[in-house]
Every structure is written in structure tokens, then in C-alpha cells.
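The first chain written gets the first letter, and so on, giving A, B and C; residue counts start at 1 in each chain.
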């Protein structure tokens, strides 16, 4: 685990499994600006190894969503852009910078807010997604219904009438149908009860185990995220200040207190680190 | 039935048919992109003049002229979207004032250019396109006279309307269009080619405009006055609900009847004003129209 | 920041102010100097120009008042509206009514025109406000047809085709054209100065904030409904005044002048000159009014056939040019001529003072 004092360069990650696997997604020196002046993130380096579940943590406004947008593209009308750095997918630079082309290449985002088409039915929401070229649409559809059986009965319902949890499930299901190389999930737990959020979060490693999907997960709720993630980056005011394997982050109480808001009785004990054990604390 | 009522109804039927086809031109673009394309009225006029040119200069049979003119209009519509509208992206694509402002103003400029280029090219004089329809006459009920042109154009209107409604509701592209209309960003992120969808919508709308203008000319004249009818055809869309393609039919029937009765009762010159009064009334009483969606009202 | 502080910051423009560069500072000092020079030039013109030019200038003054009013809706409030022609007609007719039948003096009659337009403008805007901004365009289009219809009937009933003949103002020994120049010019200058200042105050900032993001504007405490009514009222008032002045200047008020093309020409002034700025309204008015005369001068240089074509179609060609300009400026330079000229000015200034054109650090 490494901590940066103040700016410059990526933190050297721990010598363990992440580096031995091929990297499906890499962001090098990412800088995002809005309206050409306001810098949202700067010099951000991160990577998602094949089949890994990587978390991107940090407080509100730290730049997590901007990082995800840097990886998945901006529309010209949004006045935001990746102004420095590059994104590599399977080691190759991305072709194009608009969300559609990037999604077609395999980087699929589950957004934080507008994540489903409210005026379309659940079934239409799934139909309307375009699958990556050469992707396995049918197989991924079956997977989506296997992981989220509740969706099967909701086919005809307009997505605007779904509950928060159903909506999140549909959003993830839609992303799966696109058969992504890497799935970006923005603030899954927002607006959901802790129990529901945990249940949906737990589907991610399950999907990973079933299909080898790689996931980059943005979460304000660090506790919940670290339940499922292998590795985490911590953003603060637009920069990566800390990164490391799950176990090491959790074992360090100073880190927990300073960056994750976990103190005293709510922090993890040194032996924690087993998945699914004990559920959520606090 | 008293004679004037019969006359009004008889006049309303072909008028409603034209209003359906022209109304589709407004409604399709609005449904796809929440843009009020003021140039629709001039698209209608342009379509009619293009067909006129083809029949006059190239001596092409009338039905072929319609197809070629419609194709030319489709191209113009597509180019308008991809060259101009696409560049006018604003911060929010959700139909707020900021988002729709610049595209609307642009269509004003476009309408002005088309109108006056046509005026330079053709002047004000009425021109004629021979009607390709047989001149048979029907008497569906007492006192009401319809020509075969009225009937055929009425059928065309119903087919175009029904086809549009079904296409949007059931087809894959219709689904993508509805998605893109609701949230362009999410649609792009889902892999949908939003610009491509909009090009299709603009082309389809321009074709509708051409058909409306040309079929109208068959039983009337080709002249700049068609532009007034084009602007009046906005009323069926507002009555039916601006973002409802389905609503164009009931809207057209209601407006055509209202206009015809007003004309019979108060004279030809009240047509424009009567229709606009209907529009204002709808805006005040029920802005979303008959079938308009929740997107219309303020949150 | 507390809610009050946020509101203050937005309304005073502090929140958005980019760091001032030295070039900006010098051009800020130069701007009042430019204004004074312009003002003096305006004062002096009647002594050196001929009546042809004076007439053009007066038309420009009237158009400036109308375009400043129109730009309030189009540029500041960011709403599409084609109501200028109808509101101008209403102003002209109200002025005619009060001047001819109630014998009100000049200023009172013109003010009556402004008030009448303001009332109608607000009435039309209120239902349109309940719905997304788009509907204002439909409502103003409907207003155009209904107003035209009613005023045509009214004119036919009262005076017929000749229109209302307004009482001629007497200026003693002074040349009437020169007198009109100063009177309407003075009104135009006052309008420009007052509106320019108004836009810098909390009103203007509230209106622009409203245009950009209504929800946030309401949250920081601006009463959006009231402000919307206010901006429509002021805008319509100015347009009505322009209509009344036009009536007095030409001496004759008929409905035939107030066409949709007129409304589009005012939209063109705002778009070409620069949306949202008073300077833009002025530049746009100069361009749109001046263009036909420029074209006529150029036409005289052309060979006969082309000259004939031009003069036969001069009106249509003008509108085609406006239409293309509207499209072009909207797509490529929303801030219009005002911005282009100010950039040219800053570039010229920095070259002259020997500084190399440095890029801003944040660009």
C-alpha cells in the first residue's frame, strides 16, 4: 500500500496478484476539465486487471464520477472533456472519444443517476442496448436474468415505475447485455437501503466468477465496496492519494479513519477480509 | 342537414387529411428531438414547388415527380440535422428552454431562406400540378361531395399516420428513437447512434411535408400560400399533444372541423386567426394536448 | 456559503468572473473612452450627413430600441419568441389611437403604445410560462395571427387602407428630419444606457441565471415567476415604444408593415449582433437596417442585368442574407458581431501596446 504526500506520479502498487494479470483497462495521467477551466481530476493513474473487481473510493466531489466519464466518454454538449492522459483498453488506445463508440468497444458505464429509460418498458430497455461487436448477446441476457431473476416478471413494466432496487438491477442488466470488456458502475448503493445495496453489490463478484467480467466500482460507501473489491484507489480532490489491495487497506486503521471514515467500533478488525463474513458492521 | 353544415363537413375531410400528413412532419421531429421545426411550413411549400418543377421542366409523370421530390426533401431534412442541428447541442438535452432555443431560432432562419429563395425563383403566381387522380365523385351522405382525390389522399393520410404510430411503437428503430428522445446521453452510452436516428427522423418528417404539400396542390394550386396552411397544421399537433404522433389524427380532425365551421360562418379570411385561437386555447387550458406526455408540463 | 451569500455572489457575477488579464484591464479603461467618442460622433452627424443618411440613421435608432427589447427575451432570457412584429403593431396602433382620437401629446401617446404592448406581452407570456419554454414561440406565433387579424379589422373599420395618419409634430424653424434624428436618437441612447446598466445589476443577472438553470435560480431565492413577468414586460414595453415612434416618424400606421418577416429581421438583429448584449442589439440593428442600403449602393456598380435582378429582388435577397446569417452565427458564433469585434479590438490593442498575444493560463 502506498500513500502520496502531495502530487506527482502513480503510487507503486503492492507486489501481488494485480500486476501479474493482463490489464483490461488502464487510465494514464487522466485529466478532466469542465468548461475548459474547472479541473475535476488530475494526473489520475489506475488500472483494472482482467477479471478483477476494483473499487474507486473517495468523498463526495472527489472526482470519482469524472474519472468514470473520462473512461467512458463525454458528449460534446456536456462541456466536459478528457484534456490530458490516455485510456487503454486491452493495451490499445481507445478509438474515438464519444460515449457510443467507446461503449461499442467494450467499456460500458452504469451511470449514477439517469440509468434507465423511464418511458420504455423493462424489456425494451434491454432490447435497445447495442451489444459489443462480436459479443455474446444471448448468453449475457441469460446471465442477466439468472443473476436478477426479479426482472423476468417485470418485462412489460415501464422502467419509470420500478423501485430503486429494481431500477439498479435493470441498469446493471442492461450493461451486461452489451457484453462489456469492463463494466464501470457509478454509485450503485445510492438511494438503496444498506441491505439491498449489499445484495446487489454481491452480484458483481458472482458475475465476475461466472463470466470473468472485470469491474470498476465507484462508491461513496467504502465499507460496502471493500466487501467485494480486490483492490481499491482512493481519490481526494481530483487525485489518487492512496491505492492498494483490499486486505492491506482494511488492516490499516489510520487509513480507515483518514480516508474511509471508519473509526473505532465501526472499523474492521485485523482478521477481517473474508468475503461475506459478518455482513455489514456498524 | 343544413347546407352550411354539410359544406363545412365536406370541406373538413380533405383539410383533415392534409393536416394529418403535415402534422406528422411537425410531430415526428418533435417526438424524436423535442425541437419545434419552424421550417416545416416551408418544407411543405418547397416540396410542392420541387414537384412542380419536375413536372414542368422534365415532363416527368406526376406520381414519379412526387417520389423524386419527396426523396429530395428527405435529403434536405437529413442534411439539416447533420450539418446544423447536430452542432447546436446545448448543455441540457431535456427540452428545457435553453436546449430548444437555438435550434428553433435556426429553423426560423432556415424558413426565411427557403421562403425567399422560392419567391425569387417563382414569384407569387399560382402554379399548377395536374392531379393524377380520376375525376370521379362520391356522395357518401346527403349533400356532402367528395372527389376521388379527397378519398385517396385521405387513405394516404391514414396509412402514413398508422405506419408512423406502429413504427415508433413497435420497430427496433422506433424504440431507439424513443430512447434517444428521452435521454440522448444514456442512449449514446447504450450504443445507439443518436445522430443517425435524428437524421432518419428529419428525413421522414421532410418526406411527410413534401407529400402534404404535393397532395394539397393536386386539388389546389402551388403558391406561397401553402406556407400558411403549413403553419396552421401546427394546431393539430398541439391539440393532439406535441410529443404524440398518435394524437395527430384526432387533432387534425378537430382542427379541420373547427376551421371549416369558422370559415363557413365568418368567411375565408378568418382561417388563420381561428386556428391560432384554438392553439392559444389549448395552451391555456390543457397545454399537453389530448395525448401529450408528462414531458410537457413543468416539474 | 450560506444561501444568501450564494445568491449575492451569483447576482453580482462574482461566481463566474475569470481572472482579469492585463489586456482586459486596458480595454476596460478604453471602453468609456470609446463610448464618449461614439456619443460625440452621433451628436455631430446631422451637420455633416445628407438627409438620405439621416433617414437611415433614424430607422436604425428605432430598430435599436426594438432589438434591445427583443434581445431581452431572446438573448438574456434565452427564450424563442417571434412576437416582435405583433407587439410593435400593438404599440403603433395604441399610439395612433391615443394620438389621433384622444389627442394625447407625443410622449404620452408613445408611452401608451409601450404600456399596451407590455400588457399584451405579459398576458401572452403567462400561460406560456406554465409549460416548458418552447411554448412561448407557439404562443407568440399565435399572437401574431390573432393580432394581425384583429388590427386589420380595426383599421378597416376606422380608416381603411390609408391607415392612421398621426399628427405631425412641428419643430419651428428646425429641419424636421434633423429634429426627429435628435429626438429618437436621444430616446435610443437612453434606452441603451439604461438597459446596459440594468443588465449589470441584479435584474440582468437574475434573468441570465434563470435562462441557464431555473431550478437553481429558484433555490437561491430569486422569485422566478416574478422575474419572468418582469423581463417580458420590459421587453414588450420597449418594442411597443419602437412601434409608437415608428408611427410618429413615418406619420402613418398601417397593419401591412408588421409582417412575420419583420419579426424575423429583429431576430436576425439579435443573433447577428450578439445574443444577450446591448452592444449586440445595436450592432445587429446597424447591420440589418444598413444592409439594404449598402446593397443598393453596390448594385449601382454592377452590370445592368445583375443590377436589375438585384433591384427586383432586393427584399427577398435581404431576407435570404439574414436567414443565412442567423444560421451561421447560431452554429459558429453565438456571441455575434459584438464578440467578434471585441476580440478584434483586443487583438489590435495588444499588438499596438507591444505585448505578444499570450494565451490565458487556463485555456
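Basically, a residue touches a chain if its C-beta (ideal position, glycine included) is under 8 Å from a C-beta of that chain, and two chains touch if they have at least 3 such contacts.
The shown structure was predicted, so the numbers you read here are calculated from the model rather than taken from an experiment.
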Farthest chain (mean CA position) relative to chain C: A
Higher-contact pair (C-beta pairs counted), B-C versus A-B: B-C
Distance from chain C to chain A - Cα centre to Cα centre, in angstrom: 51
Rounded Å distance, chain B centre to chain C centre (Cα mean): 32
Intercentroid distance (Cα basis), chain B paired with chain A, Å: 46
Multi-partner residues of chain B (each touching 2 or more other chains): 91
In the complex, chain B residues that touch chain C: 34, 36, 38, 84, 87-88, 91, 95-98, 100-102, 104-106, 108-113, 115-117, 119-120, 231, 234, 238, 269-270, 272-273, 275-277, 279-280, 283-284, 287-288, 295-298
Of chain C, residues touching chain B in the complex: 74, 78-80, 82, 127-128, 130-135, 137-139, 141-146, 148-150, 211-212, 214, 261, 264, 267-268, 271, 313, 315-317, 319-320, 322-327, 330-331, 334
Residue ranges of chain B touching chain A (in the complex, touch as defined): 89-91, 93, 172, 175-176, 178-179, 182-194, 293
Parts of chain A lying in touch with chain B, wherever the complex brings them together: 72-73, 75-79, 98-100, 103-104, 108-109, 111, 114-120, 124, 127-131, 174, 178
